[in-house]
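One chain, subunit A, links the two complexes that follow: it is found with subunit B in the first and with subunit C in the second.
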Partner chain A sequence: MKIGLPKGLLNYKYSTFFETFFFELGTEIVYSSDTNKEILDLGVKHCVDEACLPIKIFHGHVASLRDKCDLLITPRIMQIRKKEFICPKFCGLPEMLVNSIPNLPMITTAPLYFFSKEKLYSWCIASAEKITKDRSKVKAACTKAMEKQNNTSYGIKNQGFRKNIALIGHPYNIYDSFINMNLVKKLNKLGVGVITEEFVEEKDLDIQIQKLYKRPFWNFARNAFGFSTFMAEQKKIDGIIYISSFACGIDSVVIELIKSGIDEFPFMVLKIDEHTGEAGLETRIEAFVDMLGGGINYESNLSPLR
Partner chain B sequence: MFYLGVDVGSVSTDIVLIDENMNVIEKMYLKTKGKPIKVIQEGLKKLNEKYDKKQIKSSGVTGSGRHIAATIIGADVIKNEITAHAVAALNLDKEVKTIIEIGGQDSKIITLNNGVITDFAMNTVCAAGTGSFLDRQAERLDIPIEKFGEYALKANTSIRIAGRCAVFAESDMIHKQQLGYSEADIIRGLCEALVRNYLNNVAKGKEIKPKVFFQGGVAANIGMKDAFERELGFKIYVPEHYNMMGAIGVAILAKRAFEKTGESKFKGLSLAESTFISSSFDCYDCPNNCEIVKITEDNKEIGCFGDRCGKWSGRINEKVL
Partner chain C sequence: MKVTFPHLGNVYIAAKALFQGLGIECVIPPLSNKAALEIGSLYSPEEICLPFKIQLGNYIQSIEQGADTVIITGSCGPCRFGEYGEMQMNILRKLGYDVKFIVADSPSDIGIRELFKRIGYMTAYSNKNKIQKIKSLFDAIKIIELMDSVEGEARYKSGFELRKGECKRLLNKCKSEAFNAESPGEMIEVIQHYNEKIKNVEFDAQKNPIKVAVIGEIYTIIEPFSNLYIEDRLMEMGVSTKRRLTPSWWVKNTALSPLGLNSMDIKKASKDYMALCIGGHARECIGEAVLAKEDGFDGAIQIFPLGCMPEIVSKAILPKISKDLGLPIMTLVVDEMTGEAGYLTRVEAFIDLLERRREDVLSRC
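So, the complex of A and B:
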């Protein structure tokens, strides 16, 4: 049996888990290619118009794998941390896909909760139903997958740059260099290092979260707010860039929370959508970097020739 | 000795020459009309009639077409338009705290404190309230864009127009016209709608402190200036060369760069005689299928843009630099 693993949405974070699990079950794994124009076009063609760009791109990845596998991993991720939720589009992802893309192979529809071993195990049993009935094999594969996932580290922490910024956003916006038009590389070229939320400890996040009038409903909100206010407070960075998909409901709230939590600290929101013209993005990041430069006297900081 | 600044925007291409004291000696406001190369050539041709290459020490480019312009003229400074606008405004008045800049496709707000940019914002995906929209409405009403502002000042009252979206604004305007409201009142209403949209959208959450400079092509519209002043409750200033500020800013930066390095890559004013051809093709080397733009000067490749991987642009840069 061939398993299709689309490289989109939270697979940027959890691919190790899926990969290991299905590898241990002895199946062959087919990946979609890194996001590219073809995948974007496929996604836009298949997906409902109102969805955000990452969802459209996930549709593209799924459509590109449609005829290449027998079972597609389309995780219905419900929760990552206890008592916190993620974007509702993840909960309805399998339905969106089935109703938008014709002739799909089998897809995984079981709900997935990352915070509990038992719940992860039930996802594994349901998803492996057509592969094996051997529970002990599934259990062993699941345990191994969890271990590997826990031992995999993520995040970007550039070192040795003159200026440093915190880059905030959903993982699929940060790690998909097609979506974000090579933002990290562009910043590096301008002499700016990037650090992402993975490098702040849970306990520091918890302290920051106390500042909110209630516990955040969304996991993304906890990470983004906690990370940005912590970094601004510690003054370990010179500015913050938030990369956000156009029409993201969660971001619309989180961005306002952050703005109110960091006072005058330099902060910029980059909106991304389907356009592939890079001029607008470049103008904004260059101006932001100039701003961090302090004075107006920054000839050394010219736009790089493309 | 002069320094050249070129701002290639979506609607206009502005070319200025400044002298050692940063006075504007020569200025040209040309319509880009989607042909940046041709417009730059035309502009330089005019300069070539009056000036010699040796008189121009260095050059800078800005605007959304800055990369193509840099390749063509051999610019020493390539700078984003936000910084360029701030540099030009600060050169006139160190006290400026807020810059409202409305151009063809972009509108921006820049806040400054003690001569340092502290914050800025640009319109996001929507171009409602920018110059092209006003241009289009002027055309539709059959009023020359230069006269648009005067009409607004003739109004007795203002008609409320929906300002959030250019499409809604247009249909709202048509409805109001059909009901028989006067053109002047509608235009004043439109100016107010654009100002409202600017303050709620671009300048959202930013404090607009005086002294305010109003720059960019739209600053020519006295109706807009008037609407801003009524909404903000204080006077705003439109600098003399309001539509050239980007070009002036980058000319100043070119001057500073020259003072530092003492050298220039500027190719000269005789560019008008060269034949520039820009062609585009799809690169199929990977599934990104990037649309590559290639520019040749007298059959010699001088620049490529549009690739994600840097294979095309990188290859040329080595030759140019």
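So, the complex of A and C:
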């Protein structure tokens, strides 16, 4: 049996888990190619118009894999930490895919909770149903996959740059260099280092969250708010760039919370959608870096006596 | 303390009775209007959904009339509504308004003690005894139930009425007379009177009007201003409409949800298409579309604000339902930029389509 593992959404973070699990079960895994123009076009064609860019791109990945595998991994991730959801679109992802893309092979529809071993295990059983009925094999594969996932580290932390900024956003916007048009590389070229939310301790996040009137019920909100206010408070960075997809419901709230949490700290929001032009994005990054007083001084070749 | 609250359909009538019964002064914001929306969109974040903007406008218009405490309900589902309280607090503080917020969140998240503390803050201003307080709460629930019943009957019967416009006239009179009633008791009497009247509206047995179910996001379908008074327009066109999501439905649903007994019919109907609750009222939207077909409706109109996360999921599923069941479904997305003319043209075209579908036998094959 061939397993299709589409890139996109939180598979950027949890692909190790899915890979190891299905590899241990002895199945062949087919990957979708990195996001590109064709995948984007496929996604835009199939997906409901109102959805955000990452969801459209995921539709594209799934559509590109549909003839190449027997079972598609389309995780319905409900909660990562207890009582912390992701986004309603994640919870309804399998339904969106089934009803939007014709001729799909089997897909995984069981709800996936990452915070407890038992719930993770029941996802594994439900998803491996068609592959093997051997419970002990599934359990062994699940444990191994969990271990491997826990030992994998993510995040970007550049060192040795004069200026540093915190890059915030959903993992699938930060790690997909097609969506964000190589943002990290562009920043590095301008002499700016990048740090992402993985490099902050849980306890620091908890302290920051106390500042809110209401405990955030989204995992993204907790990470983004906690990380950005912590970094701004500690003055470990010079500015913050938030990369957000157009019409993202969570971002529309989180950005406001961050803005009121960091006061006058330099903060820029980059909106991306399927029409974003690269030149405009570059101009905005350059302007932001200039404002931070860093970067490469392009005007240094002018004579001082103008 | 002067209490205010955001508008949601006819809730303001029940809220007036509740605060009157409690003996707490209350400022009812002017019915949602263009000015409220303009104020709201000026101060709200650009990408937030429409209900947030209208609500913010409601508050500011109330505060200008002297309100100093805002009461809203909360939620902890994955939908944005749960964060409204916090963001609106921040915005009003930045604007320099000194208002206190009472957010009635679900006890499963903040704990029952915290909920009672928050409600206790408000009721401390009431000089009534416990029995009177509980009575006024039950009165309010009764009023909203009656009001929803009057409105539901009027909207559905308007297609069948013998004298055109009678249902609409009765509904409007009921609303204004109930609102001007002296006491909660009188208000109940007034609404009951109209409830009887509407039930006895004369039928035209010859008529077989187009019947449309209104489904979608709860705020935008209940609050008439946000959907450009679509139900009134359909009434004028002689179309019968039905909307299952009402404030009294919400009360019942919230009360029964800890037991898992809420809206069993909707849950059952949505099972084939969406078995899980994904936040907001996406599952209800799916279930209602299926039920609309079972109840013999000609079509359904889904309404949601731009960027509404749960409804985007249901919008992706609705075409499949439409195809499977042969039920035309139109989606209308509203935001502060929605143009009236274009919107109405779409509604009219949809009603035309439903009419012709009936005449044309072939379309049913």
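To be clear about the criterion, the second predicted complex is superposed on the first by the 293 of 306 C-alpha atoms of A that agree within 3 Å, B and C clash if a C-alpha of one lies under 4 Å from a C-alpha of the other, contacts with A are read in each partner's own complex, and residues count from 1 in each chain.
What we mean here is this: a contact is a pair of C-beta atoms (placed from the backbone, for glycine too) under 8 Å apart; a residue touches a chain by one contact, two chains touch by 3 or more.
Here the structure is a predicted model, which means the values were calculated and not measured.
> State whether A:Phe178 touches subunit B only (first), subunit C only (second), both chains, or neither.
Only subunit B; A:Phe178 stays clear of subunit C.
> By the touch definition at the top of the document, which applies to A:Pro111: first (subunit B), second (subunit C), both, or neither?
A:Pro111 sits against subunit C, while subunit B stays out of touch.
> For A:Lys37 in the superposed arrangement: first (subunit B), second (subunit C), both or neither?
Touch status of A:Lys37: first partner only.
> Could you look at A:Asp273 and tell me whether it touches subunit B, subunit C, both or neither (first, second, both, neither)?
It touches subunit B, and subunit C stays clear.
> So, does A:Cys87 touch the first partner subunit B, the second partner subunit C, both, or neither?
After superposing on A, A:Cys87 lies in contact with subunit C but is clear of subunit B.
> Just to be sure I read the superposition right, which of the two partners does A:Glu286 touch: subunit B = first, subunit C = second, or both, or neither?
It touches subunit B, and subunit C stays clear.
> Taking the contacts subunit A makes with subunit B in one complex and with subunit C in the other, which residues are shared?
In subunit A, positions 246 sit in both the subunit B and subunit C interfaces.
> Please output the residues of subunit B touching subunit A within their complex, sorted ascending.
Spelled out, the residues of subunit B in touch with subunit A are 64, 66-67, 70-71, 77-83, 86-87, 90, 115-120, 122, 124-125, 205, 253, 256-257, 260, 286-290, 305, 308, 310, 313, 317, 320-321.
> Flag every residue of subunit C that touches subunit A in the complex, lowest number first.
45-49, 74, 76-80, 82-83, 85-87, 89-90, 94, 103, 105, 109, 273-274, 276, 278-280, 282, 306-310, 312-317, 319-320, 333
> Where on subunit A is subunit C touching in the complex?
47-48, 50-51, 76, 83, 85-89, 91-92, 95-96, 99-100, 111, 212-218, 221, 246-253, 255-257, 260
> Quick one: in the complex, what on subunit A touches subunit B?
Listed in rising order, the residues of subunit A that touch subunit B are 33, 36-39, 178, 181-182, 246, 259, 264, 266, 271, 273, 275, 279-280, 282-284, 286-288, 290-291, 294-299, 302-303, 305-306.
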